[in-house]
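Next come the structures, one after another.
Here come two complexes built around subunit A, the first alongside subunit B, the second alongside subunit C.
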Partner chain A sequence: MTSLNTEVMEEGFDPEPGKPEPVKELAGRSPTRIAMGRLAHDKVAVICGTILFVMVLMALLAPVISNAFGLYHKIGPGQAALTDLLEFDGLPRVGPPLHPFTWDHPLGIEPGTGLDNLSLLLYGLRTSLFIAVLATLISTIVGVTFGLVAGYATGAVDAVMSFVIDFLLSFPFILGALALAPIITTRFGANSSTLGRAEFLTLVGVLVLFGWMGLARLIRGQVFSLREREFVLAARVIGVPTRQILFKELLPNLVAPIVVAISLALPGFVAAEAGLSFLGIGLSEGTSLGKTINAADGYYDKYPLYLWVPVGTIMVLVIALNLLGDSVRDAFDPKTRR
Partner chain B sequence: MLGFIVRRLLSSLLVIGLASFVVFAIFYLGPSNPAQPICEGAGGRCTPERLEAIEKQMGLDKPVVSAYGEFMGGIVKGREIDFGASQYDCDAPCFGISFGTRTPVTDELKERIVPTVLIAVGGSIVFLVVGVSIGIAAAARRGSAGDRLLVSGSLLVSSVPYYLVCLLAWIFLTLQTSLFPDTGYFPITEDPLKTFGGLLLPCLVLGVATSPSYARYTRGQMVETLGDDYIRTATAKGLPRRTVLFRHALRAAIVPIVTIFGLDFGALLAGTIFTETIFSIDGIGRWGLQALQAPLDLPVLTATVLVGALFIVLSNLIVDVVYGFLDPRVRLG
Partner chain C sequence: MRLKQPIIAVTVAGLFALAACGGSDDGGSGTSEGNQEGEGAAQEGGNTGDAQDATRVDGPVEIEGATPGGTIKVISVAGLNTMHPSEAYYQNTSTILSGLVTRALTQYVYDEETKSMVLIPDLATDLGTPNEDFTEWKFELKPGIKYEDGTDVKAEDFIFSTAASMDRTQFPEGPAYSNDYLVSGDTYEGYFTAGKTLDGFEAVTVEGNTITYKARKPFPDMPYWLTFPAMSPMNETAAADPAAYARHPMATGPYKFGEYTPEKTLQLVRNDQWDTNTDPGRTQYPDSYEMDLQVESAQIDQLLLSDSGDAQTTLTYDDVLNENYRDFDASGRLVVGGFPLTSYWAPDYRKITDIKVRQALAWAYPYKDAYLSAGLIEGVTAIPGETLMPPGTSGRKEFSPLPDHEPGVTDPAAAKALLEEADAVGYEIKFLYAKDDPKLVKQKDVIVKALEEAGFKATPVPSTVADLSTVRADPDADINVRSPGWIADWPSGSSWFPPVIQSTNLDKEGLGSNYAAFNEPAIDQRIEDIQLLPVDEQPAAWGELDEEVMTEYFPLFVTRYGGVAQAHGSKINGHFVDNTIGQPTWKNLWVTQ
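On to the complex of A and B.
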């Protein structure tokens, strides 16, 4: 394998004139390790990473936290009677901000249903992150594979694959997603037991369907320039099978753009998922931050905390992911020097 | 150049043709049967025989290809549509009869497209003026505190999901403080001032939320151009700074911005769905969303997705062609 991985030295390394470089600095370091080192020194990246780590932990531990505090995110046994929790107009009887703070409901309870807001938040975060990670993963695999094949194949195959990319790019994303989602859902979620799973898969599927083309285009362009390089020609000459050339020779050289694409796709998918749920297309069962915002936007003056918690969470999550993604891009970009 | 245009035109036509077929087929073969609500709503019991009769009358029993042919024929030369008990004369371009309102989709499309176009144009004016001028100012003072503030600030602003910006602006600026008049679309023929008031906030929000990316992009282009030799020459021969910036640098830097703008504008015309939904403006995007409420309004959905795809493909095409004229370096043979 090759070339790119060895000779790049730490950027910004500026030996004092006259002094010989320390010998250990000459050791080859992969671009990925250089980028990681840069990230660790990037304050914004470290802060955002910490925030994200906490959020992921909260999402993962959602059931544990909810059980420990006796919170509930859906109606079930063990829940206090609705009349104890809600006024006649549906507003909560207990919890902040209308009533004193209580550890039973640190963020108050949802008007109308009497569910706990903290629990809704934790489970919503779980849904958002799970869907976004899954969509990112699948669309990355699809995009990379498509891009590799389209870039390496020439002629008709490339033309057809590029046409598919252009074709999907010309679809209006939100409208297309909105129109497709209920159709796929009704087709595969005939009874209520499979409905939840069908909705979940539809949401991920729609996000993937409209989310992989950018990366595929990027990879295709990179492969265009890489495939004429000596190491690829050499591999081809000694008879390495095409699949091996694609995934063993070309792919390792594309790590940087792929990592950057992943780190920027993740916040996009989080925002898109919440946006689709906000418009009412998404999971009908289960919680989602977008769904809560949709339900809460009428309570902005009567019960603002209910609206602010999910809005604030999505904002912090997406901003942190974006800033981290930007830092990752800088760290992997050999042109930026610091 | 001519060959390039012809080739682009052909591939665009192919994309539109395929997109329209896919959209049509998905909805046509979709699980919701449009005859069902009509059959149930017509009074009396909905027997399988009656359902079948209605399906046949509406042409829902035909294979998808011939139904698609009929649909496309309707767009080109109009057709007659049997619907329930009544018959409609649907003139070209005919997108069918809305299941919900029982009126020709084309008529409503003509009404709905006005606010969408107005928002797209208004928002574009805001983000072009604000974004590009901030970008130029930042590039001219490269490295200053203001420039650094812009770069980090724009990243932060563009990270916030757009619909949250809309939602918060709507809540704070119209509902709670009444700084802006109620949003919505009021026909421009009746009271232009009211139309302006109703679309003012949506356009501003759309423009302000989009401008950071234009500011960043303009700044990048300008910084690159300002480093060119001919700019140094212009400065050296004693031209005023303003002339150098606007007459020399901006002219070269604006080309990529125009192309990005073309693509964005096409996407905006395809339906600013969040803007329209949150500010309750009856445009294309909101129309598509409303058509999704059960029972699905298939002709409306097909029309909105199709019109959206058409706008995006057209803007791509125009950008490609215009790019060749704007930038002599990319005249492809």
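On to the complex of A and C.
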């Protein structure tokens, strides 16, 4: 809000100093706008952004696409009997690996269930993205709040909060997830109707529980350096309430690190969700890329399409998110040059 | 008999190994479904045999063309639960012991002509002499039998091992037939729990080399019970510490324990005290056996399919994964056969009281789709059937308990018609499934779909692989259908009806293995009566009873019989299926040099 330093530095590092830039336009640009402008000129960012946009679009349209082509992503009414879809050993009767390509099922069908791989992929992507976005959102809110409070409070409060952060950071994630997930799902998922929801919330909960500390630490450090700045001191002197100082004075100055943290957390959560589902402590109901990869595990040379498409999708998704995250960080950090 | 199943241990161990190295997507945990809840079955290998041959008393056994030497590697997903002879009651542990390590009074051998198992004497000179009503059996111990340390096997050792086999506190997982049939089995607590004393134990008496077993009720199947490792001789002093003995049971057979890491690896080396001339069943061709356990299914299949290096002398008693079945079949190194497993759905007789609803359920069940989704292969690892007693049980009768129903046929329309007749459309079926086994989750989806198509309301109740059998055994669980499997311990109806159909005292004993909670005093009485019939009339009577129970009461319906599809390397010979239990014929194995 009150900080203009980014903007000033931006001007100082203008790559084309000879170009006559009207001064008034410069005066009106916020750090975020500058960053967006830089992103738009970053080829990697544009490509990754486009890929992500397409993926999100496909995930959102999963039901539409599946219905339009009559593809099934879960066993249910209307689907043909498995004996009509699968051979005696569970391999598909149509499409790869034993039969030629067919447009009815462009990615083939799943051995053992006869479900359509394209539909599974789209719904899996939907689950992955939804869980990752939700986990990122919650862990950002928790992390930012925690960091702000800890950094601004100092003293005993900060010591306790830092200890909590350090404690959770030192706690092994996979072990914690392995121990916690079954307990929570058993407690709340006693019947099959609530099981799906319980598993979903548990998964998000576990991801958040072990995912917010990095950001909290970062924010706490930033708050330390901002706390003694003149505008904060001034606000304090004129009696602005603490909450207002935290969220109206400090927070806007932390947008850059938060955006960067979010863009790097997202791919982490996508990968973690797939990993947990692969390990069997994610979702047992519903579709997930990790689950598909787990099921396709043994088919790597027999039915490569079945395994490598979801693996490739996760890879592309995570790489695109990571590269975009890098670009975002570069865009927000005026000191980086590429 | 229990299936080889310490799957839980495997899964958990797998997960923690991963956690320890911080990885999240290599290795694997979801591939242990190979053994859950019964594994499949093929007719091809012939029926489970009820053949006996009391004249095969002396060795040596020679296999034509077999050469000594070589090491056989055995790989499997499942660990070895416990190797204490008194407690070994899983498919893998009990057959490894009885096939290679521990001799008993009687034994099974494989007959290549009938592709079936034959019961022959082992340490005894014949198959025993019963008294008139089969409550007393006399066996004559062969002289000169030695343990691996050179000490003699004495007739008294059978007293000790029988006393130990009654110890349900020390050996909770062991077979309980000594308790069920023998004298003092219901009062004596077992050797260790009773305080290392034989006071109060009167089931076995010894006179010179003659061993006499006394039973409380007629026990015509005694020679079958004696094949179990639990009934093999154990020296009282050597086996004084059960935990230590479980790590190294004294061998009387051709192989003894070498290095052994419980659940993980076991090495068997030649036992030079074993005398081939006294053994009409076993051979000692390979130098040693190396068992490497808790290997992932996909890895086992890849190794055996590659058939290079060590893999040529490797075998597995796990079923090959369905997706690799064709490759193994083409390689000619696939071994298929049936074994006496019946998997069935048992509607709770107290809750689903209308026989029409139970019959509708049998019409609605998606037999073939359920096989496919669970990775079973119809006709190989899953054989459709309808009668409780699987093929090979003596006295088995072929009949259709459900009018016009062919094995393995699903007909939602017929189910709906029956439901309408019973005025029970929308009847709620609550059944358990293991949510942590992806294949079983898929199978659940298939079943739900089929039941709803037939007009039922399906409510699957999630459980886990680890908890499922406990919840299923709870008579008060909030479910109205249970889906167990039962493996016969010997090919007779007495191994089926008393445990599976006879009513139990629900408050005191729980369901036992009567998962339908079936309770008809008339049938209970019939079961009691048949066990008192002359032995040669019993098989037919069990067959009659099967038909009577299934057509009149329809307490359960069979989803499949079991079968196995195992594979071995190209240098392994003599790997057939022991169709009494679905394991390799350990006694016939040898390696091409």
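Everything below uses one rule, namely that the second predicted complex is superposed on the first by the 310 of 338 C-alpha atoms of A that agree within 3 Å, B and C clash if a C-alpha of one lies under 4 Å from a C-alpha of the other, contacts with A are read in each partner's own complex, and residues count from 1 in each chain.
Here is the rule we use: a residue touches a chain if its C-beta (ideal position, glycine included) is under 8 Å from a C-beta of that chain, and two chains touch if they have at least 3 such contacts.
Quick caveat: nothing in here was measured; it's all calculated off a predicted structure.
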item: If touched residues of subunit A are counted for subunit B and for subunit C, the larger one; value: C
item: Partner chain in contact with A:323 - subunit B first, subunit C second, else both or neither; value: first
item: Partner chain in contact with A:275 - subunit B first, subunit C second, else both or neither; value: both
item: Which of subunit B and subunit C A:178 touches, first, second, both or neither; value: both
item: Partner chain(s) touched by A:315 [first = subunit B, second = subunit C, both, neither]; value: first
item: Subunit B versus subunit C as contact partner of A:284, first or second or both or neither; value: second
item: Touched partner set for A:293, first subunit B, second subunit C, both or neither; value: both
item: Subunit B versus subunit C as contact partner of A:160, first or second or both or neither; value: neither
item: Partner chain(s) touched by A:170 [first = subunit B, second = subunit C, both, neither]; value: first
item: Which superposed partner A:233 touches (first subunit B, second subunit C, both, neither); value: neither
item: Shared subunit A surface residues [contacts with subunit B and with subunit C]; value: 172, 174-175, 178, 182, 186, 271, 274-275, 278-279, 293, 297
item: Touch list for subunit A against partner subunit B, complex; value: 163, 166-167, 169-172, 174-176, 178-180, 182-183, 186-187, 267, 271, 274-275, 278-279, 281, 293, 297, 300-301, 311, 314-315, 318-319, 322-323, 326
item: Residues on subunit A engaged by subunit C in the complex (per definition of touch); value: 74-77, 79, 81-83, 86, 88-91, 111-113, 172, 174-175, 178, 182, 186, 189-192, 195, 271-272, 274-276, 278-280, 284-285, 291, 293-295, 297-299, 302-303
item: Touching residues on subunit C, where the partner in the complex is subunit A; value: 11, 15-16, 18-19, 22, 24-25, 28-31, 297-298, 301, 321-326, 366, 368-369, 372-373, 375, 377-379, 435-436, 438-439, 441-442, 445-446, 448-449, 452-453, 459-462, 464
item: Touching residues on subunit B, where the partner in the complex is subunit A; value: 11, 14-15, 18-19, 23, 26-27, 30-32, 155-156, 158-164, 167-168, 171, 175-176, 267, 270-271, 273-274, 277, 285, 288-289, 292, 296, 301, 304-305, 308-309, 311-313, 316
